[in-house]
Amino acid sequence: PLFDADNLKHIKQEMVSPPALPKHEQVAEGDPVVVEVTFFVEEKEMEIAPGVKTWGLTFNGTVPGPLIVVHQDDYVQLTLINAATNTMVHNIDFHAATGAMGGGDISNVAPGEQVTFRFKATKAGVFVYHCAPGGIMVPLHVVSGMNGAIMVLPRDGLKDELGNPVRYDKAFYIAEQDFYIPKDENGNYKEYDSPAEGFPDLITSMKTLLPTHLLFNGKMNALTGDKALEAKVGEKVLFITSQANRDTRIHLIGGHADLVWLGGSFNDAPATNYESWSVVGGSAVAALYQFRQPGTYTYLNHNLIEAILFGAVAQLEVEGD
Amino acid sequence: PLFDADNLKHIKQEMVSPPALPKHEQVAEGDPVVVEVTFFVEEKEMEIAPGVKTWGLTFNGTVPGPLIVVHQDDYVQLTLINAATNTMVHNIDFHAATGAMGGGDISNVAPGEQVTFRFKATKAGVFVYHCAPGGIMVPLHVVSGMNGAIMVLPRDGLKDELGNPVRYDKAFYIAEQDFYIPKDENGNYKEYDSPAEGFPDLITSMKTLLPTHLLFNGKMNALTGDKALEAKVGEKVLFITSQANRDTRIHLIGGHADLVWLGGSFNDAPATNYESWSVVGGSAVAALYQFRQPGTYTYLNHNLIEAILFGAVAQLEVEGD
Amino acid sequence: PLFDADNLKHIKQEMVSPPALPKHEQVAEGDPVVVEVTFFVEEKEMEIAPGVKTWGLTFNGTVPGPLIVVHQDDYVQLTLINAATNTMVHNIDFHAATGAMGGGDISNVAPGEQVTFRFKATKAGVFVYHCAPGGIMVPLHVVSGMNGAIMVLPRDGLKDELGNPVRYDKAFYIAEQDFYIPKDENGNYKEYDSPAEGFPDLITSMKTLLPTHLLFNGKMNALTGDKALEAKVGEKVLFITSQANRDTRIHLIGGHADLVWLGGSFNDAPATNYESWSVVGGSAVAALYQFRQPGTYTYLNHNLIEAILFGAVAQLEVEGD
């Protein structure tokens, strides 16, 4: 069935780092296209909090990986490149795809290899993708940061709870990552010379089911202070949040979800006026808020312990009057 | 009010072991009936994972107990038989029932006794049932496996999000059970000569709120490999999942919930196109997917640590082209 | 924009202790009003379970604080009084408010001070409020009990899933509070001479993410036995439950949610016939049940370990025939 796509127009989508989204139209122009995306696997040491280093397994060097944006019935043609300098086999499972383990079955690449495959984005919504190289490697790679999301917009754009068109002025992709960094007998975070060296301890740490860090966009304070997000009074801002592994609950201090597409489905009417909304492990959810007042806003996991002590907090500066 | 049921036709429903469902019609034929069901309590030692034994408290010898299927406004007439060889008082609380603690108040049976009671299934949906013998015995029996679910179909069958009839070609009942198996000082799982002997340790273990196992249908790998579920391309498969105690989040790798009846309510329009869906502790949820492609699919708790390290995984083999 | 409110009628709402609600009309009479509410901060030692004492930080001396009831488009004019005998700065963040960190930015009061501010209740639903004095103080104050909820009714009252008016005969406010009481090396709960003295240990305890108590209305057995709630057969009872910090899942043994406003939004059609419903951390949810049969009912967190071993249980006695 994918051969049908050969006659379609091909478009390259340049990936950008979260919280930014790639350039895209909210309403599709013309027929479905093939959206070509390239992901480079990067295994890299990351300092996720002051003095806390871990081996990140990443798509394109960021946790989460880049947000892909397409329209329903477009095809995604993904090229996954695993540099020879990496040490592990990786792949990618798209929750937006159908069959073949979401692509996991046809995208395994050893270091030095690359693979290209295509899937049709048949369902509109926001969906997680992640590395899923089989068995215990699945949670190990996912909690090492190897996950992201795709937004599949309806061809005619988003609609509110009454079925009327709704457009956003700005959009941010904010993912929560649960880390389980192993500690030594003195309670100090351990470091390793390679991802594989750390895996036995990481398995032990994951078994506690208790994360050591819950970080928005991969690093403590990645989106606060100087790096706070920005918006203007009157703007409708779309917030896309994914959590690839563990349940979270999102709240915007001083704001609300005017609209929230529960479960991430753009095929269902959004719920309205939520104070806090669930993002279950293995899902992405989108919420829209129109800012009414200037000031500082906080976007957080409203388990306040997880927000403040584990790091799941972002800030927005909203200008205007 | 239950006397009204005396003039209704009585039907016996033969229980079968999960993941199978008893024989049933999707659309009710004629007037409401009294569906007679017999549950035998079995207290039995079970090996839930290699080398891990626990005292299972079960309805009909399986974890979960059998799925009952009726139509809205049918009566369920349940006979609960507690063999003299058992050691404990048990009962049954149906979340589908009204009043009398869901039946818990009128179904207590000591070993060697049996009880029969009736309730009208007034609400359409999938609902948990479980043993609830009071106080601390409630969680002890539930986390020892004594729970299951009932599906109460609308008399005219299921409907999709637009209100159109939808029929399934096949249905599976997959429950997640959280176990809290006590360990000795060396970290080895302990065994006991009777359920009661293990309860003090089990209380201590439950207090951690951290399960040792999260198993689909009562046993590690109960539904994988040789025992994978089977379906064909084009089939609409209904998946009913219950979790009697602890929140879970379900995902079908390579597929979706085309339809998911959140909260298990068949009275509400289903949500569509979910990648992962919540099943909160003490609830059952139904999701339908039409398989488009052949291959292996994985049905799992998408906390990937809970899936891979704790056992919450099933597989499906889908044939066709 | 708040100046607009100066010409509106002002009404004082007398606060009452949960589970009671203040006197209110279900359908608004006339134009929007300014509802004046006074909250007294009380820092007080509380015995939350036999032999377990902790420093409660409270609004009006109860955990949760009082439920406020207004109608959509009313203004809430809150006076927050921090007695000179208290030891800490407090404030209040209303999830029902817009901007200014939900009011947190404009309501900080040191001991001996008071503040009055106003917000317009633009969105209909049930919403959490809580103290949010910044940084680590936020979870410390919230898990010390400093939270409650407001109900913002639609001006024309509640509607069922079909859009028809629905009225309740009685309403109860039941909040679940997660406590993290520190223990000494012998496993005994510790006591402190002031809130601040206990905070270092409380931070350590919160970091476990594992509560020691999950209590309805602030105290073990606050709503059971002699203190069980009361209703009559035929009555429609509205249950408002908030959890300011941690996810819970609510069930009514022997009953259901005939209607449940998920996420607490009265702007969305309620879901129907839920057996158990999610209340994510940082949210309030309302559910309505019409009692059909007399007897004892139990309203609980359906993680049965959390209900029975951690305390999240209430009872209702329903009279009639």
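By written order: A, B and C. Residues from 1 in each chain.
By our rule, a residue touches a chain if its C-beta (ideal position, glycine included) is under 8 Å from a C-beta of that chain, and two chains touch if they have at least 3 such contacts.
Predicted model, so just to flag it, every value in this text is computed and none were measured.
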Exercise. Could you give the fewest steps needed to travel from chain B to chain C through chains in contact?
Worked result: 1
Problem set entry | Interface sides of chain A and chain B: same vs different residues, half threshold | different
Problem set entry | Rigid-body rotation angle, chain C and chain A, from Cα fit (steps of 5°) | 120
Exercise. Between chain A and chain B, what's the gap in Å when you average each chain's C-alpha atoms?
Worked result: 33
For this session: For chain B, jot down the residues that touch at least 2 other chains.
Result: 210, 247, 278
Problem set entry | chain A-touching residues of chain C, taken from the complex the two chains share | 93, 95-102, 104-105, 123-125, 127-128, 132, 135-136, 138-139, 142-143, 203, 206-210, 244-247, 262-265, 267-268, 278, 280-284
Seminar exercise, completed: As the complex stands, chain C meets chain B at residues 161, 210, 247, 249, 251, 253-256, 260, 271-278, 292-298, 302-309
